[in-house]
């Protein structure tokens, strides 16, 4: 694995990066890549159902809980460069200022890989919105004519999409199945930081095994135990058949 | 590039492997891979239109011409392990014996990559048939229960599909765009062996430049001048995001 | 649940009906439906990899083992009307005689529901072939002009497709997610009859939980724990919005 | 038919609910369901072409005519709970306030079924916009974190999409074909309230017969004379194969 | 309309050409085109349900009835060059001899347009088979290497697909909507020759009106009353934007 | 070719109309059609990369250069009715006022054909936005209820979409392949006005030859040398099979 890469992960809500790319993050960190994480919102309105069952719950408290959970999870994955942009969720709005902000972030990180939500998520409009947001900002980031003082243009990154929760009805096709066996314990530890969402811990644990099964079947390599699936926004381009 | 790989190319007719994967073949050969080529038919009925304009033309003569051309082309690409199976074309028929033959060939070559026709070709039923043939034989090649004396099972190969002549109406999506800049001169020389088909030499020359343009745009790497596109039968599985 | 229905299950290989529809079968049997099962082949060549690792293995022995396993599994599911047609697999061939045989079976059973393989299975050509076979026989079964002495025509059945092993790359979309919570213990017992395939027992156990999660999310009904997914060949037709 | 259900119908313009779901509405009302209808606009700009041919026509008069027609039509269908939100059409805009309004309506009605426009309508951007609006509001309606004083969260409803006017080029696939034979006379009476649009009365009369033909063919049930088709936003989830 | 064209219509069963292209045939004949019709089978097994309800019915009698009906219908449409190839239907088999026969027919007719079944028909495997048959023969007909004594090669024809009975679930998209207003009375008379199939006469009458409505909407031309829809196998190529 | 038609071309940026429809424009002008061109933006931010490499570059200077280039190009194509609307690009915003402006333009031009960007462009959000903008304005332009003083409604135009730069990953299917052989020299001259973008001149030159090859293959007409491909928003409607 090439250790000399920059990776930018953009997560719509507090926990998306853990369920959907925790293994990829841990693996890239482990092999020396520079991984930057942007969490756009705490998911207060749309992804904190369990917390709102507590009587007297407040927005500030939900944010504090989600922040604490996600920071612990990030620690398990080894990612240190984290930004929390605290957008309101459900439904997220993208202004011009926010577009510029992400464009600058991309120009700053100069990512080889950007990992975020894929274009369709049948039950989650925020995820679709973020997918479009990341794609558009990546287009702006490479364009000479988009002049942002102090932020010279970046080279085109590879864009990867998370697997959505209900893959088939979200038209998800796995383009890349990434072996995460060597870091799966870290992903498990990170998932366990979201105690109130035991059903998701179970779900994504089972998912990692299923994708591991697919990885073995497609490759004939029986050492793959756990895997994560991603879509690709554009074709793979390079010097080998992969 | 990993030099330690086995590559099997299966070409329906005499020239398909040149137009559609000449660059990939030359590149793999150059970097030390073991490349085996199976040409299923001479394309006497379906892909020798120009030769049949010669008065008094015969099947044997067409075969001799096509054989000579393809052998010269293969030489330019550097591939030495060539088999000509001489099936009748338009429309090719697959018998059980032919299925066994290809299954054995796969078990013998033990390819990491198989490159052949993709599942759909809007104007060419033979190409579709060969795609299915190669896929089915690859399934048989990995199965313990398919006992073929002297041919132990192979590990699952990666299957890649050629770009068909009219890509969009054949539902072709490029999954892999392979840079062939360093070997393009060889591909050009190989294409020039098919003198009677100047329109195809022009066509695939233009195509290589177009795919080169796409390669630069998708990667930001301006050293890519010429490229070939392939589809993938299954997702990429491995240890990195590619 | 309507107990007064006839269900026909057609399984390409010995274990397909268990992994993919064991819950549906057990549930229909439990509620009093007449469930008939046709197993077309023992899966000797294509789906008995583990057995062929045993030195000195023979076709007859593989058949005996698969037969014993599938009969035990069927017993756990409660299905008694079983036929084993012993076709050779990988790759299955459909003759006119076999087409007539299945047409007669459909006319005999007069199924309201036929459950079999869906039209696409990216890694398994037999499954695709059986899907087509079942569909064609169902068409013949309803046609007055197809005269089969002693077998009067049947009414059009609803056709349901199993979820294939790798759903997304087989273009599978779940049209029906069937709650199997009340019979899941039976499915688990049936799966455990295939001891040599522990990886599949794990896989389909995890799958049942994932589909249970989807069932809860799509319906808001938290009593759904385990589920199976099916595609539909035709639209639902009836008197309610379901 | 289960009489104990709540149904919410959301119609972009004054007559959409009649052409596209008049049968479904009449049937649910007849069997005792609670049917609520929201008509978002009068269709003054986009769906009142005939009225604007009258010299001296005014917006207020068009609204009055459309209102009168739709109220008569609703009476024929038996639906009493009607709200007219009087949005401007062509092209409708959804504000945050409107999003909240529909979210509250869903929480109030607590629908088992929501029937509205499907995601694509090749000639009608308003219909696509409403489809998205209804979907997004339904997501908000189930989320604990979306706190709307006095409106506790609802359970996830089933979402059904109307058949668009030009089905194939709008990528419409019928997932449910609903028999409306027993209430077809009511639908006809309701359609006849839109006198100025005789071409649509003819069109949707013919359509009901065509869908009736499909209903017979797919089911073998020859009592189906008239039908309406709907798409489903998510898979069917439940205890039976339907 | 260009009167100087050759049109070949290939109909799987006795009545397909009437329901699906009766208007196109009548129109081309009327404007002076040379229209040739090949009817591959009488539809004895698959499309003569009503006749088989007559006690004591025989194959020969069914054929005689279907022949008489189709000849009367053809007369109404004005087509005189008819061939009845009397293949067995349900399920039709294509041999090499039959492939040659159709290839010769195409080379003989030298059609500018071939009209036959489109690639998918969800309820009718014969129609799909014929679509493939016609396409393959058209490929052979243009190839110099396919030497058929006395039948020199033809130029590539435009291929058009009939609208299948259930369009959406057969993935049919109308590429061409042909105005048949001026000859609709002839189509109606032709349809009325199939007295026993009143439900189809009703169905295709309603269909012609629906397509007429679409024709008006897509073109703004209100003189279109009746229309037929066709798919195209390949893009339109020519000197204008149409 | 019918000379009596009105054609409206809407180009997102300064050069789009040249690369993608230069041949179509020149051809329609040559044959006497009334061709109107609207260029929405100069492409300052997104499509002037090369100019921004010049030290001290300014927005005003970029606009002046692009304006000069596009006017020269238009002259080569023979189009005189040009409007430059000077919207900011990357990312273009459509206001209600802009929607009215284009609606009025359509009502003024009364186009038979509108040529603009197709619905998807994988790398260019502006192109997608313009596609939607043109479609929506065309809907408004035909509606009686959209009252715009001095601009009576237009008849429904045919809408054609440009071929996007990377066709397959933009889901582009060529519906119409237009022969531009007789005006290709003009297109070449027009392309050469964009000197700084030699890579695009090469690219679209190669593309025109490839589409010419497809034109020959699909039609059997060997006089087609150069072509442009377009998608269609709706089916072709008319009196012939084309």
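Residue numbering begins at 1 within each chain, and the chains themselves are lettered A, B, C, D, E and F in the order written.
Keep this in mind: a contact is a pair of C-beta atoms (placed from the backbone, for glycine too) under 8 Å apart; a residue touches a chain by one contact, two chains touch by 3 or more.
Per UniProt, the chains are A, B, C, D, E, F = PIG-L family deacetylase.
All of these numbers come straight from a predicted model, not from anything done at the bench.
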{"item": "Contacts common to subunit B and subunit C (chain labels)", "value": "A, E"}
{"item": "Chain separated most widely from subunit F, comparing mean CA positions", "value": "C"}
{"item": "Listed pair (A-B, B-F or B-C) duplicating the C-D contact set, over half by residue number", "value": "A-B"}
{"item": "Equivalent interface positions on subunit B and subunit F, same or different at half", "value": "same"}
{"item": "CA centroid of subunit A to CA centroid of subunit E, Å", "value": "53"}
{"item": "Inter-centroid spacing, subunit C versus subunit A (mean Cα positions, whole Å)", "value": "37"}
{"item": "Residues of subunit C whose C-beta touches two or more other chains", "value": "123, 169, 173-174, 214, 217-218, 234-235"}
{"item": "Touching pairs among all chains present in the structure", "value": "A-B, A-C, A-D, A-F, B-C, B-E, B-F, C-D, C-E, D-E, D-F, E-F"}
{"item": "Touch list for subunit E against partner subunit B, complex", "value": "99, 135-136, 139-140, 143-147, 233-235"}
{"item": "Residues of subunit E that touch subunit C when the two form their complex", "value": "43-49, 51-53, 62, 90-91, 122-125, 169"}
{"item": "Touching residues on subunit B, where the partner in the complex is subunit F", "value": "123, 165-169, 172-174, 199, 202-203, 206-207, 209-210, 213-214, 217-218"}
{"item": "Partner subunit E, residues of subunit F touching it in the complex", "value": "1-2, 24, 27, 113, 115, 142, 155-156, 158, 160, 173-179, 214-215, 217-221, 224, 227, 229-230, 234-242"}
